[in-house]
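By written order: A, B and C. Residues from 1 in each chain.
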């Protein structure tokens, strides 16, 4: 008998939602569960190196990459971003209350064996490639890999 | 023994989230699973004819229908809509990368037997009726129908 | 054999999403299911007394509490809030169509035995304490309590 499994689709790239995803994933892993996080769409920003992707094959992708500059240190809040002020304030509070940053959360996740997967469908679409991602990414895979795990999972969330 | 089942509540009417919902639904159906999509709130825009609903019984509903003009060709992005520019750019990229549009995704879903249900609670509230919807809708039903299927499902997502 | 269980994480504090959460929770409870709602992040606004929290230990929290004034009567729409006009319009329509308000929905939930839990991680972070919440809250608990119930649940949603 294997361990009970949880899967989380991280669709959002908002700081607050990504924090929630990591809190759930890392708590489940600490409880001895098998956890997989699938990052897709805006969630891919968590896993991207924080650089502009000006080598994207397409001019639209270059423009898009400017709007959507990646990097887990740059995620905005879903509310009260306020041109950065609300997000800055939140990060300060996170520091004061010793809530792990996204970088720290990712490190904890890796140490606990949480599987980190980047979704291939949106990778192509956004003009990204394996090189665009930080080394913490375990695998690039598509929706059928996700569903294979989700049909095996007991808790499946879309965030 | 029946097939394994997945249900997706499509609450959002944002292009990117609806795309994600269809990618998951159509992949699951291609894997031989039984899939039901419940469209509710803003998600109903996917299934509405793209016309103003000026025959809504209530003046507030007429106003609301102007703000929230339906139709699966008019869905905005959840981020970087940029008065239409970001959404236009995204649609161009979808064309280049041969990612199915929402119209094509819905066609594929229907061909694969994905059940398309429109939620009755929000239909009344938005001043809509059966006539407001495209013929691809299989059924109008409420939350108890959804829950009946979800308690039978192995993967249940809220998007 | 116990009853089948559903859990809902209410992350969002938007009127429309919270409405959807209560419709699902109350319908499931009416079907005889065991239901737990975990309110976290912006969702905590549903359970907060509608007052400014100027006794928060930290100046940043005081500022944040001003931006994010709580109270289930003040939740905005996720779309078309329009400086309050869209949200006001929606509330009027809810009244006309006899859709329960959030206050009424919470009352129905309590009467049906839905468990209402406020998430401790975000409570500390937002400078809130037990006193900040309405008496309808059954318990304050963290992510491991949530996961304990979710791994036991048949339907687990993140809203």
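Just so we're on the same page, a contact is a pair of C-beta atoms (placed from the backbone, for glycine too) under 8 Å apart; a residue touches a chain by one contact, two chains touch by 3 or more.
Predicted, not measured: the structure shown is a model, and the values here were computed from it.
Under half of the residue numbers found at the chain B and chain C interface occur in both copies, marking it as a different-residue contact. When chain A is laid over chain B using CA atoms, the rotation angle comes to 120 degrees (nearest 5).
Per-chain Cα centroids separate chain B from chain C by 25 Å. Contact of a single residue of chain B with at least two other chains is seen at positions 156-158.
Across the complex, chain A meets chain B through its residues 9, 11, 13, 40-42, 58, 60-61, 63-64, 67-68, 121, 124-125, 142-144, 146-148, 150-151, 153, 156-158. Contacts from chain A toward chain C in the complex involve residues 4, 6, 16-17, 20, 23-24, 27-28, 30-31, 33, 78-80, 82, 86, 89-90, 92-94, 96-97, 99, 154-159.
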